[in-house]
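Structure, as structure tokens:
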């Protein structure tokens, strides 16, 4: 599912066939693809990291009950829909509505992943060795993306959309902060 | 297969690039996507639950004979084609023909899943512990979708298509009824 | 790979959005989709059965050498490209060129599958219990499709293309004949 | 991921529906698809061989640390994006910019695969039996593609793009040379 969603993202990156005839026109068309490539890279990072985390979490989940199955289905529905807000941001990244839709969808996706993980830990569906501390740590890694993205939306009232998108780079130091707080490597832990 | 069909659904949810220039236009275009999003969610629920059920059923299937392989291929052919009626319902949900095509395709899909499961149980292809009772229970969970959807089609003669689609919400209490009848959780049992 | 190719087939089956406004128009558009649905079903059957056969063959392949890996990559390249001739046949099934392209691509695909299987048996890459007889039997099941399809192409000179496509139904009794000759069920054997 | 990227390549190979009415026109349209088919075949070979190599490498990787996970995610991002430069080369193979984009993307993909493999060997993430010699050998197989492709780009200043693409055939003898140097079969070794 993660792999398919990631690969479908690239379908949005294309140049219409048969409309260009000179090299300068093609270079110009490639340059205009930049916002899409940026949106592709950003969503790729989100989905790719979610994939790693999902894998690692499921390695310690012992059994699945009805509620966890439903939570996971919702989570996958959001993963599967990410190509849509990505294309939206790539095409209309200068309009506030696209930024709001992207930030909300990505935040909801990441939060749903954390909710299903927390539920699995609380409901005792994980292996015995997994502590409540590890449950909290896993959920904490899901906070920077929604906090920064949703927190940046009020800025849309005062600065142009591209600056708001730029502020999302704060997610990287925020992730480092969580890693420092829990004294672990953010990638290799769920 | 299930994952791919689900992910392809989202390809229908898109806004043509380069045609909008103001935020109000984009908001309007997003609002017009609502019927597609509803159709996406509905088919996602059908395919996602079928996936869970398929997985759980196959966990107890011991061996596959020629007939079961053919039945499953037909079943997967219907799963794979679901993006088509979904797009149809999303685009033309106010026309009776789209409602009929959607209801018939989804019902046929769910029924085929039940038929292949019943065949496997009857032909003794499942593990020894699986009772005929569990076979009936599994098949019963496949009844609400076709019963409600096909049963709603005559209403097309008297009410507008969107009301017919609304009546499909009856599937949820019907599923609960089956669960109550068999005294089990509908999600975690095949 | 098989699953993805099958699922992508359905992307060709669609009705342009926003161009129809009355139920009668939609019914007419659905009726015009029939040739595509037939092409979809036909390729689905070819890919689906190839998938089953591929799976069963690989269950007895013990090791893979460089040549078998290359043969398989070519085979998968043909499987992956099948959505193209399928769309061609669905759109232009009344033109001889589309029929020729479809028949040649499908025949080459099936033959390549047989060649890689025969190579694996001859080169001793299969498990010890697999006899040369089973190798011949597996390859024989790959003969009806190319024999009937390629054999029908000369008919294009005298009858309209749809009749040539109709003659492909002869594949079914031909498969039965092979099954009778080897005294086995065509589906459950590689 | 590899399978999905390969299968999506074929979406670019298509003939617009409903625009042709005579067999001669269809033959002409098919003939015009040739550059796309060539681009498809070339990328299929790159992705297919990378897939085999990736599989074989991962069979001896014992554990994955954070850095290797990140390297692999980058590698998969490049694999996933290959349908874009492939379509570009198929449509605009006579313009230098398309040739540059294709050569750079494919070279970066192959190099990233080699870097992640070398990192895994150096960081001791592979099984005990894997020697440094095997690490070097694996990386050496990744050299011909970037060396030939990037090395051919200066030729764009003096010869037309199609001749530059033709020079990429040198990759085949270069691969043989590496195989001869390490005295092994290029396909069955990582």
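Which chain is which? They are A, B, C and D, in the order written, and residues in each are numbered from 1.
Heads up, the rule we're going with is that contacts are C-beta pairs under 8 Å (C-beta built on N, C-alpha and C of every residue); 3 or more make two chains touch, one makes a residue touch a chain.
Keep in mind that what you see is a predicted model, and the values were worked out from it rather than measured.
Chemist: Compute the centre of every chain as the mean of its C-alpha atoms, then state which one is farthest from the centre of chain B.
Modeler: Relative to chain B, the chain whose C-alpha centre sits farthest away is D.
Chemist: Chain A and chain D are the same sequence; what rotation (0 to 180°, nearest 5) superposes their CA atoms?
Modeler: 90
Chemist: Would you kindly tell me how far, in whole Å, the mean C-alpha position of chain B lies from that of chain A?
Modeler: 27
Chemist: Quick one: report the Å distance separating chain A from chain C, using the average Cα coordinate of each chain.
Modeler: The computed centroid separation for chain A versus chain C comes out at 39 Å.
Chemist: When you check chain D against every other chain, which residues touch at least two of them?
Modeler: 4, 8, 11
Chemist: Pick one for the touching-chains graph, please: line, ring, star, complete, other.
Modeler: Ring.
Chemist: Provide the residue numbers of chain B that touch chain A in the complex, in ascending order.
Modeler: Result: residues 3-4, 6-11, 13-15, 17-18, 20, 22-23, 26-27, 30, 40-41, 44-45, 48-49, 52, 185-188 of chain B touch chain A.
Chemist: In the complex formed with chain C, which residues of chain B make contact?
Modeler: Interface residues on the chain B side: 1, 4-5, 8, 11, 64-66, 69-70, 73, 76-77, 80-81, 83-84, 87-88, 91-92, 95-98, 101.
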